[in-house]
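The chains carry the letters A, B, C and D, assigned in the order they are written, with residues numbered from 1 in each.
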Amino acid sequence: MQSLEGLDELYEQIVLDHYRNPRHSDLLTSPAVDIEVNNPFCGDEIRLQLKTGDDGRVSAVSVAGRGCAISQSSGSLLTELVHGKDAAGLHGTVTLVRRLMKGDPVSEAEMDALGDLSALSGVRKFPVRIKCALLAWSALEEAAEKLEQGAK
Amino acid sequence: MTHARSKYSRGTPSGGTLLDTARIRADFPILNRQVNGRTLIYLDNAATSQKPRHVIQSIVDYYERYNANVHRGVHTLSVEATDVYEEARRKVARFINAPSEKSVIWTRNTSEAINLIAYSWGDANVGEGDNIVTTAMEHHSDIVPWQQLARRKGAQVRYIPVGRQGALDMAVARNLIDRRTKLVAAMHASNVLGTINPVGELALIAHAVGALMLVDGAQSVPSMPVDVQALGCDFLAFSAHKMCGPTGIGVLYGREDVMERMQPWMFGGDMISEVTYEGAKWNDLPYKFEAGTPNIADAIATGAAVDYLDELGMGNVWAHEQALGAYALERFKELEEFHVMGPRDPGLRGGLVSFFHDTVHPHDLGQALDRMGIAIRTGHHCAMPLVRGHGIAAAARASFYIYNTEAEIDALIDGLKDAAGYFARK
Amino acid sequence: MTHARSKYSRGTPSGGTLLDTARIRADFPILNRQVNGRTLIYLDNAATSQKPRHVIQSIVDYYERYNANVHRGVHTLSVEATDVYEEARRKVARFINAPSEKSVIWTRNTSEAINLIAYSWGDANVGEGDNIVTTAMEHHSDIVPWQQLARRKGAQVRYIPVGRQGALDMAVARNLIDRRTKLVAAMHASNVLGTINPVGELALIAHAVGALMLVDGAQSVPSMPVDVQALGCDFLAFSAHKMCGPTGIGVLYGREDVMERMQPWMFGGDMISEVTYEGAKWNDLPYKFEAGTPNIADAIATGAAVDYLDELGMGNVWAHEQALGAYALERFKELEEFHVMGPRDPGLRGGLVSFFHDTVHPHDLGQALDRMGIAIRTGHHCAMPLVRGHGIAAAARASFYIYNTEAEIDALIDGLKDAAGYFARK
Amino acid sequence: MQSLEGLDELYEQIVLDHYRNPRHSDLLTSPAVDIEVNNPFCGDEIRLQLKTGDDGRVSAVSVAGRGCAISQSSGSLLTELVHGKDAAGLHGTVTLVRRLMKGDPVSEAEMDALGDLSALSGVRKFPVRIKCALLAWSALEEAAEKLEQGAK
């Protein structure tokens, strides 16, 4: 059992909690964007929906899917970080999450902005799982682009 | 089945059906590898097998001693390379009991072999309203080429359903295969369920309606004696990398008279007999289907892999796999919350066990096992329709080969208990 | 051209353009080989090059230390294999200055790469009355796929003629390439004449009429700096085995936007993103074009080959080849009754010399040289139309690479004198 | 030059003589069979023509082609061995030549029957050239089959 200790960095308590109890996973009615992404090699799936207010800012979000603890918890954690953001804000968050996963330096303020998602930073030590962690975020990036196009 | 004696066989306490793994393991350098502080336990053999020293050395020998392009050279190196290369083809022909080495085409892998048939044979022989019958448990490589052929030709793909016990429903098969069936394509051994399919019987049904029979032998040729004449199949596809051989090379066996009538698929050097600015004539079998410089080194290494397996005796290999499969199935019964896929009867299956857990995702199980140096595969196993049919998106799979032991299966079971406990406690 | 310093370059008495062959030869185990009692003189490099220890070792390392299937595994071996495998793709992309590794598709060889384009791009983009322009000096692998495409589609293949001096007639090329031209396909360096073709110029002419440009780089990528962006080509095909790499693997570079619009050609595992019983969706580039388990070991070894060549510096490699080619051309002048094919100007060609004798057949010359341990190639060199255009059915060819020396060329010339004398006297 | 001595076994005087001065190489008018074969890998070509009398026996032969000394001399030597033979006789000769090339034991009487062709037996030591030596004989085999079919 000792050998499993190394896993704690990957599976933080909060990560498993989001996996087991995903937040905002109910489908939205008439979302502004509705995107499905998957990882062709492992089959993990994420469906992300956003609604925006008149100001173009996210007013409702849903993330649902099937897959491992990392991909699904990352999706759930995402739902806590998008409310009130416009397309630019979403892009900024995606960029920040990518930097975190790549192991680029992230300031304390930025880490604070990521809230519970900082618990996922242990993924960096398991490079093959970074793709899992980023799956939902690639959906968000696509969503942000669609919002921008819609706004034009 | 009687098992020829080999220097690698021995009686064992567990009943005399296991290979002498201590001796075999010494031939596989990678098995000394440490992973996360533990000696590697490699249980991902259905994805690709490990390679014995003898096979690796055959590649080194070729490159260090007689590397040259084949078929076209009068110089010594080229003559030697051509000899050993063509001898490897003959070894493969003998291994599957093909009547002639002309029936043995080198491809990149099983997938390419099946694509070759879909294009070269399929485009010429399948028409509108025809159908191709395959199974609901197929690997993507034996599904998507037929779907695309059907789309090109206005034909239909039909799937023989899989029963609860992980076996093909042969009664339905008999109905699906009809006068409009041009080809039946089925895997011999399932890479997910472990099921051994009655492909010889399917061949009879196919031939009765004038259809041809293609066997996907990717999982059977490495593990059991496969005799194309006894099976009565028209095509057999398999990959060297799953049977002690190198990556990058596979085999298409095809009945000679059928392949004589097929047009080449890829064009270029070596497959022609004459080229003018106006057109070209084709070379004879097998070269007609081999365009450009072949994968010489890996063909030679495939010959070496066949030598190695011949030395073990494929009957012995199969007995070993079945024994390990049965042992694993038995031990899995201890595990609560784990569900094993495929036939319950160990006699109906080969040496692999796919499973899933009530709550822990296979990917996370695999990650935990990796911490303990145990390599298993997780995911859709290139059989999405089958896996989804079980109400899941992914499964975990432990697959065994000639060097695996009961002790390694014990370690797997303990590891799964620990992993499930880890996730349960958190 | 300036040549970067490398630990393998050195000044030489002959003018500073040769590589440090003594040092390089030490890296190639086969060069110690004895053939018929003499140390091998390997002058068949255009058929396939020899392999440095470093490349051979990369294969051994993979099989002995981290062999596993790629892309689908969470376990350590699979993660390591995937990393090194994908890093090799990035190395190749950098080597040819591709904007992205998504543009780099692994194939079996040059021939397969060209067939991929002929089927996947050609079938969708070439129609009745269209034409494909290639050259009269092409290799069969860059002729027959177009002839067959033309036959399937009712299109036409046009051949840019070759002038006396072994160069393409670019004035005629400008006339042949017209509004109905969909593709221009030309070899960068000729495997028979040694000619370096102005493929960049052809690309401009092709693009001016809206056609795409495919470069057969089988003979150029191993020998000179090739930059797909500078050439402006849309596709580039080449084989690892001619550039210090293993057999069984080649590369198709394709412009990303063009390949995004192309449909996959082979179907199976890895190239899909989703499969149901009804149909399938495709994976992204580059995987869309790679069905089944890839040639992992040889892709990794191709990365090692690129490392090796990068270390030498492709500018230095090219200078070396040109110097040897020029030296050989000069020395051939001494030989009566021998006729050299291709450009007289050594500046217009690479490191190979094809030739024939008034009365002794190339095959017999090759046999005589083999007695002296000298390996050359004889035959049609997979360029039957070109060779026959010279009024012969076969030619002999000596082709040089990074480890060849002027002394070896001296031995070739002496050997040819002896051989001609032998047959003359009998 | 010493190293070339080993070649003498391959290139017997008589072999080179047949190469340089091929016998019966003029095309026949209205032959009974007319067959072209080639070696796809090296490009060597042989065209063989036969005429037969009323008794089905070879009355005229022509062999022409392009290729190495071994393939072409073997074709020329062939022309000296077919006169007066019927299909069965031709098959017999082909079989004998194949046995010679394979290195199977060949009796003295058989060797005598092969006449000058026995000079080609040195090819056995150069296995890659056996194909060259047999090229014309594969044409003869085809020709014999055609004669048989014609006779039926």
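Keep in mind that, in the parts below, contacts are C-beta pairs under 8 Å (C-beta built on N, C-alpha and C of every residue); 3 or more make two chains touch, one makes a residue touch a chain.
Please read all numbers here as calculations on a predicted model, not as lab measurements.
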Chain pair showing more contacts of the two, C-D and A-C: C-D
Inter-centroid spacing, chain D versus chain C (mean Cα positions, whole Å): 38
Separation of chain A from chain C, taking each centre as the mean of its C-alpha atoms, in whole Å: 46
Centroid spacing, where centroids are CA-atom means, of chain B and chain C in whole angstrom: 32
Geometric centre distance via CA averages, chain D-chain A, whole Å: 77
Where chain A touches two or more other chains at once, by residue number: 41-42, 129
Residue numbers of chain B (touch at least two other chains): 36, 72, 74, 78, 270, 272, 274, 363, 367, 378-379, 384
In contact (per the touch rule at the top): chain pairs: A-B, A-C, B-C, B-D, C-D
Residues of chain C defined as touching chain B within the complex: 29-30, 33, 35-36, 40, 42, 44, 47-48, 50-51, 55-56, 59-60, 63-69, 72-78, 108-112, 114-115, 118, 136, 139-145, 147-148, 151, 157, 159, 239, 241, 246-250, 265-270, 272, 274-280, 291-298, 363, 366-367, 369-370, 374-379, 382, 384-385, 388
Chain C partner contacts - residues on chain A that touch it in the complex: 38, 40-42, 127-129
Residues of chain C touching chain A in the complex: 71-72, 74, 79, 82-83, 270, 272-274, 283-284, 287
Of chain C, residues touching chain D in the complex: 36-38, 359, 361-364, 367-368, 371-372, 378-380, 384, 387, 393-394, 418-419, 421-423, 426
Chain B partner contacts - residues on chain A that touch it in the complex: 1, 3-4, 6-7, 10-11, 13, 16, 20, 41-45, 66-70, 72, 126, 129, 132
